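Each structure below appears as structure tokens.
In the two complexes below, chain A is the common chain; its partner is chain B in one and chain C in the other.
Up next, the complex of A and B:
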């Protein structure tokens, strides 16, 4: 990731935009933070490295003016989806594309170093060297990347105004994309039920997954919080928690671009993206549709074909 | 009286106003014998059926959910059931992933004149749900 070129591109873009959304240093050397700047003098405060794991495209829907935003390949799919649904206007966004070979999950690093205070985090070749009070630890990037990076098919943004590095070709096999979903599909019905009861049972209903989701655009009208209709109660039971996650997953059916923000934001480490990815896998199989790849497409559940080739009528015995 | 099992189970049916609800009515007018486990909710069109209706029903105590609309190309609103078909097919494939037996959910197309077909469908579906038994609820002890 080329920070120098990104800064040049942002300096060039700043006079024509109201705000720039990029990454800045966070509260410790391991964390990056979304950073909004309006002044060219602050461009030097920005950073760009594999710690920049957030999907900044989610902020676009709340911006009024013209916005420049730094997008990785996965984030660009979110932009495509937002454009497709008419939630942002193409003329109002200036996209700084960043080719990327994978980011670092701060959560996984913290788990690997036993949640100690991080004194420094430096990249060396294919690994991240983290220094804590108890010494240095070298972590291979492949081990601490978010799951989505392991099967990344879009290392280069699909849409951009400026690309700040040489484009990269996908180097992961396309079959690997839904491997984790296939593993769970192969389990028995009881095992799957137990799996989700255990996982969603940990949910504390903080709604961070929803708030972080760049495509959860109902904002204050989320049905998880309405009283009429009363979709969910305040009860802290597994089925209520499950219901919330199913609302999230089904509202994203055919729209989720698999950016993994829900999992990144989840304080309980629930594999939330898996629910959405299962739906994506089925929709790809049924309609050959991959969300966030073409701004001209229509979400598959908002359209139809009179003769569906892949849907057969279900018969009762 | 249910004629397929001893204990009555809870089955929720979402029927479109124009075809399937009429079909159920035709079956009633024709005095066809039907199991009584089904509770019918009339909706304007099968396109009104949000997949979340089905999920909510299954998580809130229903043992099975049946959705029925007009035959494809016969929708009163011309294309509501085409949207429904895509959404319900997606749901049918998704339910087993979260540990709900896909046989607990069925969607079909029945017209207002098909009273016989309605009776066969509701009987076969009720039998299927009785074979599966009541849906075990999530273990509430797991919750905080």
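Up next, the complex of A and C:
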């Protein structure tokens, strides 16, 4: 990742935009964080490295002015989807594209180092070297990357105004994308139900998954909290929690760009992306559709065809 | 029993089982990649490796609880007449919160003044709960307990303090409730292990980040606190979710709703968060805190300005959960440090007073 070129691109962009959304250093050496800047003097405070795991495209829908935003390949799919749905205007966003071979999941690193306070985190070749009070630990990047990076098909952004490095070709086999979902699919219905009840049972209904989701656009009118209609109670039962996550997943059917923000945001470690990816896999099987890859597409569940090629029951006689 | 005790690691399992037989025990449990508080039963063992994702406050302030149930009864003779039958029960068995951390226990000292007198549900649970705390061996991501008057071996609100050593656990009973919980424990004499335990506690103390000059003496700059721009910048990345408040050992705000079926229902109390837009949405449609910067200001203000004005100390135990588990790393200790007025240097005397007060608590 080329931080120098990104800063040059942002300096050039700044006079024509109201705000830049990029990454800055977080509260400790392991964390990057979303950083909003308005003047060129602060460009040097920004960083760009594999700690920049957040999908910043989610902030676009709440920006009023023209916005420059840094997007990796996966993040660019979100922008495509937002454009497709008319949720952002193309001329109001300036996209700084970053080719990327994978980011680091701070959660996975924290698990690997026993959640100790991080004193330093340095990249060395294909590893991240983390120092804590108990010593130094060398973590291969492929072991601490989010699951999505292991089967990434879009290392180069699909849409951008400036690309700050040479484009990268996908180097992971396409059939690896839904490997984890296939494992779950092999289980019986009862086993899968038990799995999701156990996982979503930990949910504290903080809605971090929803608020972090760049395509969850109902936000303050979410069915999980409204009293009219009163479809969900405020009881903290497994059935209510699971219902919320099923609603979230179904509202994203054919829209989810698999950025994994829901799972990254979840403080209780619920594998929420897997639920959405299962539905995406089904949509791909049924309609041959991959969300967030072309701004001209329409999500299959927003359109209607009398004859559906791949659905037996919908074939005209 | 003696003043302090010691439980060998080989006897720890029996100790936990003994508690489970006598109490309802809430403890941190490993669940996938996460550690979360829940009730343990049988031979389950608590996870002592790291603090749980959420605080154990749910044992006393459940995520949702039934305040009372109601049944609407129609008069069989005149169906226009309806009677409402109410049923409220506060049945709580004796409970132990096992191996929370000192910041978790300290959280209850912040909830107590608000709920203890006013709320029979909380009071009943609080009185029947024994808090057996595990001292922290080190500082974790985001921890800043020493900045708000606590520490990795702070004893506030704990009934027993347990310090892990190489071969066992040094056990300090602090209250009668604590001594009662240890009644049948496989305890050895603690005195020979005291020095080692205290050394570990001291070492852990030095590892915690000093985020800002602390506790009661914190001075927040009124100009900065009232600056809209300050909060707009501080909250730009905030997602306005409830992770920080729901994981917090001291956040206690709640919602009350009627969850009704056809002719029966319940009035429930459930957690609510000042970070949600709905929290202040009024029936008229007006929302006094419609913007997320107003809500972040409220959360920080409640903890470090309004609560201290009323109760004399910060409503924060420095557990660091809201920092390490925030999806976008909103750092409350950094915000408070930025709010603290630099023109008011914190004198050594003030700090010394604070130490003395803690020692006598």
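One rule holds for everything that comes next: the second predicted complex is superposed on the first by the 313 of 317 C-alpha atoms of A that agree within 3 Å, B and C clash if a C-alpha of one lies under 4 Å from a C-alpha of the other, contacts with A are read in each partner's own complex, and residues count from 1 in each chain.
FYI, contacts are C-beta pairs under 8 Å (C-beta built on N, C-alpha and C of every residue); 3 or more make two chains touch, one makes a residue touch a chain.
Predicted model, so just to flag it, every value in this text is computed and none were measured.
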| item | value |
| --- | --- |
| Contacts of A:51 with chain B and chain C, given as first, second, both or neither | neither |
| Touching partner for A:216 - first (chain B), second (chain C), both, neither | neither |
| Contacts of A:246 with chain B and chain C, given as first, second, both or neither | first |
| Contacts of A:189 with chain B and chain C, given as first, second, both or neither | first |
| Partner chain in contact with A:267 - chain B first, chain C second, else both or neither | second |
| Touching partner for A:70 - first (chain B), second (chain C), both, neither | neither |
| Contacts of A:236 with chain B and chain C, given as first, second, both or neither | both |
| First, second, both or neither for A:275, with chain B first and chain C second | first |
| Chain A residues contacted in one complex by chain B, in the other by chain C | 198, 236-237 |
| Residue ranges of chain A in contact with chain C within the complex | 26-28, 30-31, 33-36, 54, 59, 107, 110-111, 114-118, 133-134, 198-199, 202, 204-208, 210-212, 219-220, 225, 227, 233-237, 261, 264-265, 267-269, 271 |
| Touching residues on chain C, where the partner in the complex is chain A | 31-34, 36, 49-51, 53-54, 62-64, 138-143, 207, 209, 233, 236-237, 239-243, 245-247, 255, 257, 259, 268, 270-271, 273, 276-278, 321, 323-325, 327-329, 331, 333-334 |
| Interfacial residue positions of chain B with respect to chain A in the complex | 50-52, 55-56, 59-60, 72-73, 79, 82-83, 85-87, 89-94, 96-101, 106-109, 121, 124-125, 128, 137-140, 142-144 |
| Touching residues on chain A, where the partner in the complex is chain B | 181, 184-185, 189-198, 201, 231, 236-239, 241-243, 246-247, 249-250, 253-254, 275, 278-279, 282-283, 286-287, 300-302, 304-306, 308, 311, 313-314, 316-317 |
